[in-house]
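Same chain, two partners: subunit A is paired with subunit B first, then with subunit C.
Presenting the complex of A and B:
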C-alpha cells in the first residue's frame, strides 16, 4: 500500500527484569500498518505488550530495553536513527497517553505544553507559538481557547485534558498519531466524544491513527484495521468489519464475549491468567486457557492462517459463533424478582443531601448529592450510573454511613444514624462495601486469610479451627482455592484480589453489599467472571446489591433497577428493561445510545456513529 | 494570600506563648541559678538571696513569667544577668554575625547541593549516582563537631593557613574584609559539609521521582531533549519538597549552628545560646528561644508561600 504512513515489521522487544540483568521477552515479531486517514486498533489485555509496542516505535522504552525488527516511517527505519534525529522525528509522530492528568506537567500552562512541539521543531517565535496553540486548542474543541491558554491542567475537566493532549500531539502537523488507551478512565460519553474528535482529525488531516486499547467495544465503530495481541504475540489481524462479524481466533472470540453489552444474556470470562513471559508455553500461548485446545496446539507456535492482511494464528480457527441475540429474552429473571413482592423496603433513602465541607470556602458549595430518594428491596440489585463527579461514590458512602448527610437513611424502617452506639455498629455490619481497586482496599500487610477472619472475629467468632473453616468456606464461595488464605494480597492477580474483597464483604453476612465500580480496575476477561460470580452470589446468599458504575452495560447485566445520577440528582430511576428500551431523560438516552450492544446477525455494528450531545462549554 | 498569612500568624502566636512558657519553666527548674554563675560555687547564702531578690527570682514562677510577658508587651526583653547588657541589643549584634556566617555557608551549600543533587537524581541507579550517594551518606554520618575539629587540626594548626577562631568582634570598621573572610572560611565549610548531603539527597530523590512521571514521557514524545526535560519540566516540580526543607531549616540558619559556632568560638547566636545556658542567664536564653520560635513560624510560612508560587494547584486566593 502506498499510503501506509507507519509500519511495524517483525518488531520484537525485551525488557530487563526487575532487579536482575535478565531480559524478558515482552513483544514478539509484531507486524502492523497504519494508513493515512485510517485507524488501526491494537487490542490486548494488560501484559499483552501493546503499550511496549507504541513506546518501541517512538524509541521511548526504558534504558536497557532491546529492540529488533523495523519501524518504517516516511521512508526511514526509526530503530536505526540516532537519538538527535529521532528527537526531530518525534514531533512528526504525535503521541497521546492514558490518564491525561499525569501526562500533562502540572506546573506548566496548557499553552506552553501545546506549543512545545511547535517551538522545538518549527523554530517559531513566542508570539507565533501562542497563535499556533490557540489554533490547536480551538481545533480540538476547547471553548474560548485564547482565554484558556494560560490556565493549568488542573483547571480542565478530564475530557478537556485529553483534548489538550491531542492538541499538543498535533502541534507539528503529524501524519501519524499513536493513542495509548486515550479513553480509559474517561466517562463513556466523553470517551465517545474523544473518538469522534479523532475521526474528524483522521479525515481533515489525513491522519493515520494507531489506537491502543483493551476495550474492543470502543474501537468497534471506528477502527478500519485491527490486531489482537496476546502475551506479546499477535493472534489475529485483519479488517475490522470482518473481525467483528467473524472473529476466528478463540482468544478474540472469548474477548468479544467477555465485554458486557446491552441485551446480552450470558457473559463469559476467560478462566486462567496470562502466562509468565519467562515460562511461555511451547506452542500456542493461549492454549492453556483455550476451550478448544487440542494436543497439536502444544507442538509449536501456530502459523498464521492467511496473509499479512488477514490472518489468525490458530490451527483450528473457529467458525463465527452464533450471535448471542437475546433482545427478546433481554433479562434472565432478575435475582430479586420474587423478593420484590414483599413491600417493606430493606433500605430507604429519604431526601438525602450531602455537602462536602470545603476548608476556607466562604460560600457553601453545591451539594454533592441533592435530595436523593431511593429504595432497595431484599435480594434486589439497584444499579447507579452516572459520569464522574455526578455523586455516585458519595451516594455509596452515604449508604455505608461513612459521611455526614441530611435527610434520612432507613434500614428496615429504622434510621441508622439515630440508633445508640452498639446497635448502630451492629446495623452497619449489615451493609458491606466492595471498592474499585482491590489492591488498595486490601491491607498489603495482612494475609488473605487474616483479612477474611477480621470481620468474623468482629462478629464474635474466635475459635481458631472454626475461623479457618469459615475462611476456607468463604474462599470457596467466591471460586478461589482455600490455599490462598496463606498468601499476601500482592501475590494474587487483580481478579483474585477482587474476589477476596467480595468474600470479605460477605464474611459479615450482610444484607446489602455496596459495589463501587467493582470491575473497572479489572481486565475484560476477569471482569466478566466477577460479574457472573456476583450474580450467582446474589441468588445463593440472598444479598441485595447497590452497584455503582459508569459502565451502563455492566450495570444493566446485573441490576433489576437502575437510577441515573447527574449533578448529584437522580434524573431517572426505572426497571432495567424499561430504562434501556424507553429512557425518559435526555441524559439517560445518551448513555443508552453510546453503550455497546449486542450486534445483529449480519455482523453490522449496531452502535454506528452516534450523535452526541455537544461537549459542555 | 493575605488571609492565609493572617490566619497562620494568629495560630503561631499561641504556639510561641506555649514555647516560651515551657522554656521559662524548664530553665528555672535546672539546679543552681544565675547567682552561683556570678558569684561562684562558694557564694554565701545571704548574697545569693540578695541577688535573687534583685532579679526577682524569689517570686513564684508564674509571676516571673507574667512579668516577662509584661516586659515583652512593652518591647523589652530584659537585661543579661551576666553582662548587664540589654538582651535585645545583644541578640541583634550576635545575630548579625550568625547571618553573615550562615549566608556564606548557605550560598555554598545551595550551589554544591544543586549540582550534586541534579547529577544524583538523573543518574540515580547508575554508577555515577551510586557513587554520589555513597559520598553523601559518608558526609551525612560525620557530626559537625568532628569535622570542625578536624579542620582546625589540619588547616589552621597543621597548615597554618586560616585562623581557628578567636574572632571577638566582627564589626566591619574593626576588621579588614580579608580578615573577616579568613575567619568565616572554616566554620562556613563545616556547616556546608553538614548541609550539602541532606539537601542534595532530598533534591536527588525528588528529581528521580519526577523523572518517572508520565508528563516527562509526554515531553519526550514531543521531541524535547533530556536537558530541556530536566530544566523546563522536571526542576520546578522537583524543587517543591526542597523548598519545604529549606523553610524548615531557616531557624537553624538564623540561630546558627550551636556546635559549629562553639567549636570555632565564633560569636554568633548559637555560641551565645550555649554560653547563656551554661551561665543560666535566663533573659538571654529565653530571648534566643523566642527568636528561634518566631523564625520557625516565618520559615514555614515562607516555604508555603514559595511553594504556592511554584505549584499552580495551590491557590491562596
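Presenting the complex of A and C:
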C-alpha cells in the first residue's frame, strides 16, 4: 500500500522485570499499518501491551528495554535511527497521552506548551510561535484561542485539555498521530467530540491516526482498521466494518459481548485473568480462558498469518455469520422491577442541596447539588447518570451521610441526620458504599480477610472461628475463592478487589448499597462480570442499589429507574425503558443517542453525530 | 530493505548485583548487627569488665592502652574502657526514652491536628511553626543553664524541642489517609474515631513511623552528645560520649587519641546503625 505512513513490522518488545535483570516479553511480533487519512485502532485490555507498542514506535521505552522488528515511517526504520535524527523525526509523529493533566505542565501557559514543539523543531521566532499556537488552538476547537493562550492547564476542562494536547501534537505538521487512550476518563459525550475532532483532522491534514484504546465501542464508528491485542500478541486484525460485523477470534467476540449496550439482555464477561508474561501458555495465549478451547490450541498458532491483511490468529476462527444478537432495542427489565412501587419508600431525598465549602474564598459557589428529590424502594435499583461535575458523586456521598446537606434524607421515613448518635450510626450501617477505585477502597495494609471481618466485628461479632466462616461465605457470595482471605489487596487483580469491596459492603447487611462508578476502573471483560454479579446479588440479597455512573448503557442494564443529573439538578427521572425510548430532556436524549447499543446487522453503527444542547465542554 | 535488526534501549546501565541487596535487607541487617554490638558493649561487657569508671588512679594518669587499661586512662587515671561503657549507658538511657517521648508527642499531636476540625488544625499547626522557629539547641542550653537537669527532665526537655517535625509528618499523613475511601467505608460501617485510628491510620502509617523512630533515636544521641559536649547534658560525675569527647578536647595538646577515638566512633556507630535500620526499613517498604 503506497499511502501507508506508519507501519509496524514484527515489532517485539521485552522490558526488564521490576528489580531483577530478567527481561519480560510484553509485545510479540506485532504487525500494523496506519494509512494517511485513516484511523487504525489498537484495542486491548490493560496489560495487553498496547501502550508499549506506541512507546516502542516513538522509541520512548524505558532504558533496558529490548526491541526487535521494524517501525517504518516515511521510508525509514525508526528503530535504526540514532537518537539525534530520532529527535527530529518525533516532531513528525504527534503523540497524545491518556491523562492530559499529567501530560501538560501545570506551571506553563497553554500557549507555550502548544508552541513548544514548533519552537524546537522549526526554530520559529517567539511571535511566529504565538501565531502558530493561536492557529492550532483554533483548529482543535478552543473558543477564542488568542485570549486563552496565556491561561494555564487547570483553567481548562478535561475535554479542552485533551484538545490542547492534540493541538500541541499537531504543532509540527505531523503525518501520524498516536493517541494513547485519549478519551479514557472523559465523559462519553466529550469523548465522542474528541473523536469527531480527530476524524476531522485526519481528513483535513491527511493525518494517519493510531488510536489506542480499551473501549471497542468508542472506535466502532471511526476506525477503518483495527487490531486486537491480547497478552502482547495480536489476535485479530482487519477492516473495522468486517470486524464489528463478524469478529473471528473468540477473544474479540468475547470483548465485543462484554461491552454493555442499550437493549442488551445478557452481558458476557471473560472469566480468568491474563497469563503471567513469564509463564505464557505454549500455544494460544487466550486458550486458558477460551470457551471454544480445543486440544490443538495448546500446541500452536495457525501457520503463516504474518502478512495477511485480514486474519484472526486462531486455529478455529468463528464462522463469519455471527451468532444472532439481540435485534430489537428492547429494555430487558432487570432484577425484577415489578411490584415494588406499592410499598413506602425506603429512602427519600427531599430537596437535598449540598454546598461544598470553599476554603478561603468568600465568593459564593454554585451548589454541587440543588434541591434534589428522589425516592428509592426496597430492592429497587436507581441509576444516576450524568457527566463529571454534575454532582452525581456528591449525591452518593450525601445519601451515605458523608456530607453536610440542606433538605432532608429520610430512611424509612426518619431523617437520619436528626437521630441521636448511636442510632445514627446504626442507620448509616444500613447504607453501604462501593467506590470507584477498588485499590482506594481497601486498606493496603489490611489482609482481605481482615477487611471483610471489619464490618462484622463492628457489628459485634468477635468469635474467630465464626468470623472465618462468615468471611469465607462472603467471598463465595461474590464468586471468589475463600483462600483469598489471606492475601493483601495488592496481590489481587482490580476486578477481584472490587468484588471484595462489594462483599465488604454486603457484610454489614445493608438495605441500600451505593455504587459509585463501580465498574469504571475495571477492564471491559471484568466489568461485565461485576455487573452480572451485582444483578444476581440484588436478587439474592434483597438490597436496593443506587448506581452512579457516566455510562448510561451500564446503568440501564442494572437500573429499574434512572435519574439524569446535570449541573446539580435532576433534569429527568423515569423508568429505564421509558427514558431510553422517549427521553424528554435534550441532555438525556444526547446521552441516549451516544450510548453504544445493540446493532441490527453488519457494520451499521448506531452512534451518529453528536449535537449537544449546551456549548461543548 | 534492512533486515529486522535488534536494538536495545537508548543506553546501558551497569548493574551491580550486590547493590540492590545492600540497599534493602542488607542495610537493615548491618544496622541491626551494629546496634546489637553497641548495646552489647554498653550493657553486657560491663558485667565482665568490672573496673570502676569513677575510681582515680593518680599513679597512672593519661596512660596509653595497656593490658591493665585496654583503652588507657584519662587525666585523673580513670579507666577509659569503663568510662566509655558507663557513658554509653548514660547516653542510651537518655536518648532512647527521649526518642520514645518525642515519638509519642509527635504522633499524638499530629493525629489530633490531622483529625481535628479545620480551626483546631490551623491553630495547632501555627503553634507548631512557633516551636519549630525556636532554635532547639539554644532553648536546651537556656534550660540546662538555669536548671539543674536530672535525667527525667533532660529526657522531657529533649522530647519537648524535637517533636515538631514528626508531628507535622503525622498530621500530613493523617490528612492524606483520612479521606481515602476505605476510611470513609469504615465510618459507614459504624466504626468510631478510635477504630479508624487503630485499624486504618496507624496501620497505613506504620512503616513511615518505624522509619522515623529509628531516625529519632539517632537524632537524640547526636543532640545529647552535642549538649554534653557543651557541658550541659548528663551531669557529672556521670558522663556521656559527648562529655568524654569534650574532656578529651581539653587535653588535645597531649594527643590522647585513645580518649578521642572510642567515644567518637561509638557516636558514629550508633548514628550509622540507626540510619542503616531506617534506610533498610524504607527500602523494604518501597518493595512491598
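Please note the rule applied: the second predicted complex is superposed on the first by the 582 of 617 C-alpha atoms of A that agree within 3 Å, B and C clash if a C-alpha of one lies under 4 Å from a C-alpha of the other, contacts with A are read in each partner's own complex, and residues count from 1 in each chain.
The rule we apply is simple: a contact is a pair of C-beta atoms (placed from the backbone, for glycine too) under 8 Å apart; a residue touches a chain by one contact, two chains touch by 3 or more.
Just so it is clear, the model here is predicted, and its values are computed rather than measured.
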Inset, instruction - Mind working out whether A:437 is in touch with subunit B, subunit C, both or neither, as first, second, both or neither? - result: second
Inset, instruction - Please determine whether it is subunit B or subunit C that touches the greater number of subunit A residues. - result: C
Legend entry - Which superposed partner A:459 touches (first subunit B, second subunit C, both, neither): second
Inset, instruction - Quick one: classify A:108 as touching subunit B (first), subunit C (second), both or neither. - result: first
Inset, instruction - In the overlay, answer first, second, both or neither for which of subunit B and subunit C A:445 touches. - result: second
Inset, instruction - Check whether A:120 is in contact with subunit B, with subunit C, with both or with neither, and answer first, second, both or neither. - result: first
Inset, instruction - Please write out, lowest number first, the residues of subunit A touched by both subunit B and subunit C across the two complexes. - result: none
Inset, instruction - Flag every residue of subunit C that touches subunit A in the complex, lowest number first. - result: 2, 4-13, 15, 20, 180-182, 184-192, 195, 199-200, 203-204, 206, 287-288
Inset, instruction - Using the touch rule from the top, collect the residues of subunit A that touch subunit B in their complex. - result: 58, 60, 87-91, 94-95, 97, 99, 102-108, 113, 116-117, 120-121, 152, 154, 165, 168-169, 171, 360
Legend entry - Residues of subunit A defined as touching subunit C within the complex: 9-10, 19, 21, 59, 61-70, 77, 79-80, 83, 400, 402, 425-426, 428-429, 431-433, 435, 437, 440-446, 451, 454-455, 458-459, 490, 501, 504-505, 507-508
Inset, instruction - Sort out for me which residues of subunit B touch subunit A in the complex. - result: 3, 213-215, 217-225, 228, 232-233, 236-237, 310-313
